[in-house]
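Chain naming follows the written order as A, B and C, and within any one chain the residues start at number 1.
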Amino acid sequence: MAMAGEKGRGRWFVIAVPYLWLLALFLAPFLIVFKISLSQDVVAQPPYAPQLDLSNGLSGLTDFLSQLSLANYGYVLDFSNEFLAAYGSSLIIASISTILLLLVGYPIAYAMARAPRSIQPTLLMLVILPFWTSFLIRVYAWIGILSPEGLLNQGLMALGVIDTPLEILNTNLAVYIGIVYSYLPFMVLPLYSALEKLDLTLLEAAADLGCPPVKAFWKITFPLSLPGVAAGALLCFIPAVGEFVIPDLLGGSDTLMIGKSLWTEFTVNRSWTVSSAVAVLLLLVLVIPIVIYQNIQQRELEAGK
Amino acid sequence: MRKGLTWFNVTSIVLGFAFLYIPIILLVIYSFNASRLVTVWAGFSTQWYWSLLENEQLIDAAWVTLRIAFFSSLAATVLGTMAALALTRYGRFGGRTLFSGMIYAPLVMPEVITGLSLLLLFVAVNFDRGFWTVLLAHITFTMCFVAVVVQSRLVTFDRTLEEAALDLGCPPFQTFFKITLPLILPAVVSGFMLAFTLSLDDLVIASFTTGPGATTLPMRIYSQVRLGVTPEINAVCTILIAIVTVVVIIASIVTKRAESQREAEERAALQ
Amino acid sequence: MGEVMAADKARKETIGAVRRTFAPWKDPTQTPLIRFENVVKRFGDFTAVNNVSLDIYEREFFALLGPSGCGKTTLMRMLAGFEEPTSGRLTLAGEDLAGVPPYRRPVNMMFQSYALFPHMNVADNIAFGLKQDKMPKADIDARVTEMLELVKLEQFAKRKPHQLSGGQRQRVALARSLAKRPKVLLLDEPLGALDKKLREETQFELMDLQMSLGMTFLIVTHDQEEAMTVADRIAVMNHGVLVQVAPPAEIYEQPATRYIADFIGEVNLIESTVTACEGETTRLTSEVTPSPLTVAHPCEAGPGGKACIAIRPEKLRISLDPPPEGTENVFAGEIWDIGYLGDLSIYHVELACGQRLKVSQPNLSRRVARPISWEDKVWVTFDPDAGVLLTR
């Protein structure tokens, strides 16, 4: 809405400050990552070359451009290095985790949305509460439970279910448990808000027209909750692909995930250029789900108006 | 269709909440274990809490973390609220799509990417890494969360209230502080709290962007956790959980009481 | 007691006298307070207001009437300063309003949603505009008290808006917009949220208030009865264009177009052909009845031209007995449907050609069984001065 006198400096200021901040600290860093991914490692400070030197004028720029190369991408995409396997395994682990999250999260969200109105805020708070406590703490809690001498094995052996401790910690199973546990609120909340909005008279109408409850769920409730399913799935899938803490603490040495590979490449091998190439390729993998997620969010917001 | 608690719904909720809470409860219980072996119960003890007080590294880290969390969430609240206003109020402007993209992308961006890219930026501009770089990094990724929270409040905000203020002679800038801000304050506060906890929590981005002398609590905890489970870490975690739980419960009781008072008054008015 | 009644009587006489003679729009020496000159407002491809020129005079109670989306609200919002005209000029007391922001305009608005500030109590809401003017505190308090008395909410000063009923909120909104003594008070569907009884009462209160304050009111409404009740003049809008600007009785009795005739109240439209124009009287024939038709209304179309006779249902007479031979303005038909409204009955009479006429009759007796019933053969007649001829 154009209002007389409102188009002034105030408007410009309110847009410009966060805009410039994000350009400088969110977008510009990606361009730098992209540039460094085309550079080579050197023993210097900073540890990559070439550096853009404009003191020689235009020739500095052309020199700089001519020294850029795709060598790091070749290295990352080489089958003998484990990066490709890590990308693949990350996508598989994230996909399976997202499906598990849906299977675990949907009944919870559904039951919450059908609970009496008076206790819904309390249930909602109970779902959010673990999210407010540290992510690291929640992952750490599982180490004590899943380790060979941990509480789960102790309990099962005491009950006589097993004789020897189960190997769960440092396997992919532990990673799945960790991801499902840590990301559960992110799945339940969008599902709950989609299910809670559902007009219950629709189900009464379906029943009135002769549709039994279970069928009504698949014909009415589930299709109408799909935006929540999509939002929750993407909200879990995208960060899970790049997850580092969970595979690092709960996974084994054979658990391949790209976030962990990037971290190792950076902190152990200290190759900034290769880690940058890994990051650029990871972003390329994720760009489509991120754009879809943004569109869903935008539509939700428009609908709220 | 049936409202209320069928056996299926009760089971879902009970199992779901058991899954969410049992690990945390076990962690808290074992922080009071007398034995150094975390998994063997050897009686009740608070010794690990007392030994925390002597762990200066941990206390330093906690102090650094709190300062970063406080200042970064303050700045993120201001920037995020401005971003939310820009997105909901000013219609189309040049680069709006890019702008909203930069607001939503950080919400799902893997932390390793955000951390690495910010580090490389700080190196490229030759910015000494430490307290300030972590602070800047945290402002950047938490402001987007604030923006989303505040934005969802602003879309349901009745704009005629602002028009009424303008109509009664109040200039736009003052209208924001006298009318808009008091009414969206709950969203701004929860945005602040969200930013605060995210900053308190963050391990990956801080690890990338930090430098000498600015080790945060999650970094300390992480380096100890890698060496194995210790009751001392359980004790730190328990304290953090207790603080968060108390704050969240108080906040929800306060808002709930305000709401029910309001409802009661509304009912009284209609009689 | 006697004094109060005397004062009441005196007030009635003055207001009555003003009401009877108030017609500044007919007086060429008067200068209008508000002028819209060729105002156009476009939103993208959509033209909300299309070339509107309109004068509103001081102390006038002016109504903008039209269906939703006709541009009436946009017109008002341009006056308040929330929208800028795409082209054209808008002046208030001779001053061009272009570029003047809403917070510097001497007009105040009462919003449809009331827009009461939920975090302020009633007194603070009313004082809000006065504080913007940096009025001394004592004066603000005095004015707030005065306003609370005006709207009879003295005991509610410390209440928050959500502690008030709908009618009370409406009065707070009114008091708040009046507190600054604006040159013009804009009312955007001010009574839309009230129930029917309260709305009718409030309409009369608004009229009294406007008279006693001597202020200019501009009301936007889609409710024709409301506009007819309160306004000195009504502007009917459709698709962004002013269709007719006139006092309520003129709008109703002499609609300028078929659209107005149809939009305001009920009307029967009879397509006819002019046979003779005799000054103030026009003779016509129509395919719907063999009877010759006479209307006491001059006709723009000459003999042979097409014209439409518009007659309100209450101006038609209905009878079970045929009129004497040679009577003009007669339609023969059969009762198709009857609507009993208590005070009135509406008869739908189907003519031989299939067209249906609406006839309303006051129910003058308490008899439950009325003489005219379904499928009765009836005759409908009207006087020459009951109809209007429309060519547009």
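Here is the rule we go by: a contact is a pair of C-beta atoms (placed from the backbone, for glycine too) under 8 Å apart; a residue touches a chain by one contact, two chains touch by 3 or more.
Bear in mind the structure is a predicted one, so any value in this text is a computation, not a measurement.
The innermost chain, defined by the distance from its C-alpha mean to the mean of all protein C-alpha atoms, is B. Across the two candidate interfaces, B-C and A-B, the one carrying more C-beta contacts is A-B.
Compared with chain B, the chain whose C-alpha mean position is the greatest distance off is C. Each chain gets a centre from the mean of its Cα atoms; for chain A and chain C, those two points are 60 Å apart. Rounded to whole angstrom, the centroid-to-centroid distance between chain B and chain C, based on C-alpha atoms, equals 55 Å. As a whole-number value, the distance joining the C-alpha centres of chain A and chain B reads 17 Å. The set of chain A residues touching two or more other chains comprises 1, 3, 5-6. Counting partner chains per residue, chain B has residues 166, 172 touching two or more of them.
Residue positions 81-82, 101-104 of chain C are each in touch with at least two other chains. Partner chain C is touched in their complex by these residues of chain B: 158, 160-161, 163-172, 179, 182-183, 262, 265-266, 268-270.
Residues of chain C touching chain B in their complex: 80-82, 101-104, 107-109, 111-113, 115-119, 128-129, 132-133, 159-160, 162-165, 176-177, 180. If you check the complex, the residues on chain A that touch chain B are 1, 3, 5-6, 10-11, 14-15, 17-19, 21-23, 25-30, 32-33, 36, 46, 104, 107-108, 110-112, 114-116, 121, 123, 125-130, 132-138, 140-145, 147, 149-151, 154, 181, 184, 188, 200, 203-204, 207, 213, 216, 234-235, 238-239, 241-245, 249, 259, 262-263, 266, 272, 275-276, 279, 282-283, 286, 289-290, 293-294, 297-298, 301, 304-305.
Interface residues of chain B facing chain A in the complex, by the touch rule stated above, are 1-6, 8-10, 12-13, 16-17, 19-21, 23-24, 26-27, 30, 38-39, 79-80, 82-83, 85-86, 89-91, 93, 95, 98-113, 116-118, 120-121, 123-124, 136-137, 139-140, 143, 147-148, 151-152, 155-156, 159, 166, 172-173, 197, 200-201, 203-204, 208, 218, 221-222, 225-226, 229, 233-234, 237, 240-241, 244-245, 248-249, 252, 256.
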